[in-house]
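Listed next: structures, encoded as structure tokens.
What follows is chain A paired twice: with chain B in the first complex and chain C in the second.
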Partner chain A sequence: MKFRIDRDALADAVAWTARSLPARPPVPVLAGMHLEAGDRLKLSAFDYEVSAQVSADIDVEEPGTALVSGRLLSEICRSLPPHPVELTTDGAKVMLSCGSAKFTLMTMPVEDYPSLPAMPPPAGSVGSDEFAAAVSQVAIAAGRDDTIPMLTGVRVEIEGETVTLASTDRYRLAVRELHWKPERPDFSAVALVPAKTLADTAKSLTSGAELAIALGGVGGAGDGMIGFEGGGRRTTSRLLDGDFVKYRSLLPSEYAGYAEVQTSAFVEAVKRVSLVAERNTPVRLSFSQGEVVLEAGTGDEAQAVEALEATLEGDDITIAFNPGFLLDGLGAIGSDIARLSFTTPTKPAVLTGKPAGDGANPNYRYLIMPVRLSG
Partner chain B sequence: MRLVIAKCSVDYAGRLTAHLPMAPRLVLIKSDGSVSIHADDRAFKPLNWMNPPCTVREEAFEENGAIARWTVTHGKSGEQLILTINEILHDVSYELGVDPGLQKDGVEAHLQELLAEHITTLGDGWSLVRREYPTAIGPVDILCRDHTRGTVAVEIKRRGDIDGVEQLTRYLELLNRDPLLAPVRGIFAAQEIKPQAKVLANDRGIDCVTLDYDALRGIERDGTLF
Partner chain C sequence: MSRKQQLHRPGAPEGPPGDDTGCPILHVDMDAFFVSVELLDRPELRGKPVIVGHPGARGVVAAASYEVRAFGVYSAMPISRARRLCPRAVIIPPAHEKYARVSAAVMEIFRSVTPLVEPLAMDEAFLDVSGAIRRLGRPAEIARQIREQVAGQQGITCSVGVASTKFIAKLASTRSKPDGLLVVPADGVAAFLRPLPMAALWGVGERTEQHLARLGLRTVGDLADTPLPALQRELGNAAGAHLYELSWGRDPRPVVASTPDKSVGAEETFPYDISDPEVIRRELLRLAEKVGARLRAGGNSGRTISVKLRMADFKTFTRARTLPEPTDLARVIYATACELYEGSGLERVQLRLVGVRVENLAPVGQTSRQLALDEQESGWHEAERAMDQVVRRFGRGAVRPAALVGESAPREHDEREDRQEGGERR
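Our next item is the complex of A and B:
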């Protein structure tokens, strides 16, 4: 194998692929990055859960394959000088030269490397930036501990042209709807994708305008998998088992009222006031006509109070939230004005952006459970 | 166990010299001869102490307002702890008897009992064969059958470490020799599973399950959506 490649192209491709290298490889070859030089260079990494493959333009002199330590290659590529890079295999070694820097890497047996899972059948495509934004809005609400594995996933529901993403950790629930272009107009599918993988993938596949999603293999190839492809990068992930919570029934159907507050001022105020909130203690929000008073801390401890301008539709209400959860939601709504819709101080409230017009449905909803106030 | 609260000063003479000025303190003299001097704070470390083997010699000592002097001498090194006592405020002795020791595996046993009771936590349609299923190398925590009637051995730990996976692997090897049970699948269940243990378990085809002690005990979490 012998080829030349642009330094930045190699560094980008290697860095992206290296994200899928397993932290604790059960077999040594999985710590390797697979290089295949043909018309283009193909780099792959695989940890039995997630696979990543990227292709890049090269000047190939001699096609071939090699398997080298992925960690090491990515560290080397990150710090190469700005010159074209040449990679050559020499027996059981790979030589990498860039300007005056030369590296010799040991290779691992290519034939021991597992073959990457096949992509499931293509299901449709979605704007990559919109998808990345949608995933980041939803993934924040996913659970992080393994007690209930189902909660560490993002539920993806596809019904024709609508994709609904949802995740919850039992304290909050984030739901986002977006449009996409399915291969078939009657396409429908559901999947539970590990939230961390989905968030990382969506964020890193924004180089192309469109992101192709592959899903819904039954039996045979791609069963229990989801695939994403965009900008020369493709990745597959195994899906989580289990039924997701029937989350739609958790969303209140009607509200007693709602309040609107300017998002940036609200975020700043919550951050300030929550400085005195001990761990697991809430920030209390008292809404009245024209204003909301934020308070934290009780009795013998430090206390903080701040008042903000707000509009209230409905009766005065005092409701308390975990400040971390509230801030996550405010950061995700992606709107200048935040709307908090509520029924009672003990029932879940819904955080959304202010709808564009009357009756317009917000495409993102963040349901948050209030903290019950004692006394 | 003898508890003494006394106004005393303490001098230690040995590898180094230390002096505690006159103040009221708690002195514990335990049945093995050890002596420790405590201040009124913190739970674990005495101000000064002498480990056994040691002897305590009490003598009258009248100087500068003192009434007694206790000398604790270490049997081997000869190091000395000298307590000069001005006033004894409290002095009682109790016979405590033999201590049963600290039980750290109480939670583990309870987890086993709870999981056996709620075996469907592992999956719908699962049924319990028995707890403490005997094998030649010791009992398996739980033996159960999954929804397809396949045999599953469950090892329960509080903290899931690599040792637990090894233990389960040994049981599985033995259980799989029994034609009535084989094939036997393994589940490693713990409240918290170390990443290394997870990798080893997955590599050996053993599933990992994180247990929620509170949920098993039926303690409901407040303020959740469902």
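Our next item is the complex of A and C:
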């Protein structure tokens, strides 16, 4: 194997691929990054859950393959001087030269490297920036505790031109709808994708305008997998098993009232007031006509209070939330004005952006369970 | 009707209070506690049949006013049945935080009398007033002051038993309900005890009662007149001696002041080492039930759950996990304990002891609770509180998880062991 490649192109490709290297490789070869020089260079990493593959332009002199320590290769590429890079295999070694810097890397047996999972059949495509934004809005509500694996996933539901993303950790539920271009107008599928993988993947695949999604290889190639491809990068992830919660029934269909508050001021005030809120203690929001009073801390602890302008439709209400959950939601609605719709202080409340017009359905909803106050 | 209910004869006996010399032990018990607290907010219901309990189809009676008890309604009865017995009863859903607040205030009153206060539940406690006699007067007078203060400050009534021992004091308060005061003079204990049915003796369950009845022993007096060796032959050495002592009103247990618990735990040493994970898990369930019940009785919940596993060679492992929110549910404690056990790598290892402990305690009334989406309005909290009620009325083992049903009947000395465990604190 012998080829030359642009320094930045290599550094980008290696850095992206290295994200999928397992932190603790279950078998030694999975610590490796697979290099395949043909017409283009293909770099791959795999940890049995997630696979990543990227291709880059090269001047190839001698095609071939090699498997080298991914961690080391990525650290080297990050620090290379700005000169073209040449990679050559020499027996069981890979020589990397860049300007006057030269590295010799040991290789691992290529034949031991597992073949990457097949991509499921293409399902459609979506604007990559919009998808990344949508995923980040939803993934914040996913659980981080592995004891209930189902809650660590993002539910992806595709029905024709609509994609619905949802996740919940039992305390909040984030739901985002977006449009995409399915391969077939009647395409429909559901999948449960590990939230962290999905968020990382969506964020890292914004280099191309469009992101292709591959899904639904039931019983065939790519069964139990989801694939993403954009800007020369492709990644597959194994799906989570298990039924997701029936989340649609959790979203209230009607509310007793709602309040609207300027988002950035709201975020600042919640952050300030919650400084005195110890772990697991809530921030209390008392809405009345024209204002909301935020309070945290009780009795013999430190206390804080702040009032903000707010509009209220409905009766006065005091409702308390975990400040972290509230801030997650306020940060995700992507709107200057936040609308909090509620029923009672112990029933789920829903945070959305202020709708553009009457009856307009918000495409993002962040449901948050209140904290029941003592006494 | 429960066996223990036969003991309950409303109204204090007539006549002047007995001689309280040598009777420094008080047992104070709130009258229909939950109902009384609710009536503070709903005075219009005073004198009416009132039930505290979840009004749903599967709710049970958590507390019943004396008016509704006249209809045969008692605690732990299904609400649906209570409704049939007394259709005009007003049913109020329980608000445990509220009760915990009143309970704390009442305990405060007790502690202003003597530091030796041993709470048994939210609504009852033993007090040893020996040290307060010079300051506040004779025990009966102190009892009167306590009743006055509780009524004056909290607006609810309580009944007080004054006696020389805990056992007699508790019987006396039950006897004087509601809103009563009964002194059992130190020299009148035998006369007080003898006519009582056998079930009055603490430690006499249904089995023992039947056993004794077959021997022709029906009242406490019958038992007291039976020679000790005969009793020990029938009931075993320990149980025989224990009941015999009680039948003469001898109860050596001191009032132990309990500081707020830092942790609540229970452990079990097996008669022989056990490696079967199924048996271990069942034991964890039993211990979790015990710890959960004790947490709830003390109005506590805790966030850190630990298990203790001691191997045959006495090497001991402790594993703990802190939950996102505090719990007082046996169900949660059990699930966490099982995970800790399974994660310990000691499955199938011979164990001689297992223990379950909940730490990081906070009073339930003071913890606000993050609600979860899949949480039902009434669920396990209510179920386990209902279990507590049933157990308090019908005795240990009256309800238990199905996995524990095969177990032998509760041992006679369980309660005493408990107290020792309760005293084991860090």
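Rule of thumb we're sticking to: the second predicted complex is superposed on the first by the 375 of 375 C-alpha atoms of A that agree within 3 Å, B and C clash if a C-alpha of one lies under 4 Å from a C-alpha of the other, contacts with A are read in each partner's own complex, and residues count from 1 in each chain.
Please note the rule applied: contacts are C-beta pairs under 8 Å (C-beta built on N, C-alpha and C of every residue); 3 or more make two chains touch, one makes a residue touch a chain.
Computed from a prediction, not measured in an experiment: that's the story for all the values here.
Asks: Could you classify chain B and chain C on chain A, in the superposed arrangement, as clash or fit?
Replies: Once both complexes are aligned on chain A, chain B and chain C clash.
Asks: Scan A:Asp146 for contacts with chain B and chain C and give back first, second, both or neither.
Replies: In the superposition, A:Asp146 touches chain B alone.
Asks: Classify the contacts of A:Tyr171 with the two partner chains as first (chain B alone), second (chain C alone), both, or neither.
Replies: both
Asks: For A:Thr281, select first, second, both or neither according to whether it touches chain B, chain C, the two together, or no partner.
Replies: After superposition on chain A, A:Thr281 lies in contact with chain C alone.
Asks: Return first, second, both or neither, reflecting whether A:Pro26 touches chain B, chain C, both chains, or no partner chain.
Replies: First partner only, chain B.
Asks: Counting only touches as set out at the top, which of chain B and chain C does A:Thr107 meet: first, second, both, neither?
Replies: Once the two structures are laid over each other on A, A:Thr107 reaches no partner at all.
Asks: Figure out whether A:Leu373 sits in contact with chain B (first) or chain C (second), or with both, or with neither.
Replies: A:Leu373 contacts chain C only, not chain B.
Asks: Contacts for A:Thr236 in the overlay, against chain B (first) and chain C (second): which applies, first, second, both or neither?
Replies: Touch status of A:Thr236: no partner.
Asks: Take the contacts of chain A with chain B and those with chain C, and give the residues found in both.
Replies: 145, 147, 168, 170-173, 245, 250, 348, 367, 369-372.
Asks: Spell out the part of chain A that touches chain B in their complex, as residue ranges.
Replies: For chain A paired with chain B, touching residues are 23-24, 26, 145-149, 168, 170-173, 245, 250, 348, 367, 369-372.
Asks: Report the residues of chain B in contact with chain A in the complex, numbered from low to high.
Replies: The contact residues of chain B facing chain A are 193, 195-196, 199-200, 202-203, 208, 210-212, 215, 221-226.
Asks: For chain A, which residues count as touching chain C in their complex?
Replies: Per the stated touch rule, the residues are 145, 147, 168, 170-173, 245, 250, 280-282, 320, 322, 346, 348, 367, 369-375.
Asks: Inside the complex, what are the residues of chain C that reach chain A?
Replies: Touching chain A from chain C are residues 97-98, 101, 324-325, 339, 364-374.
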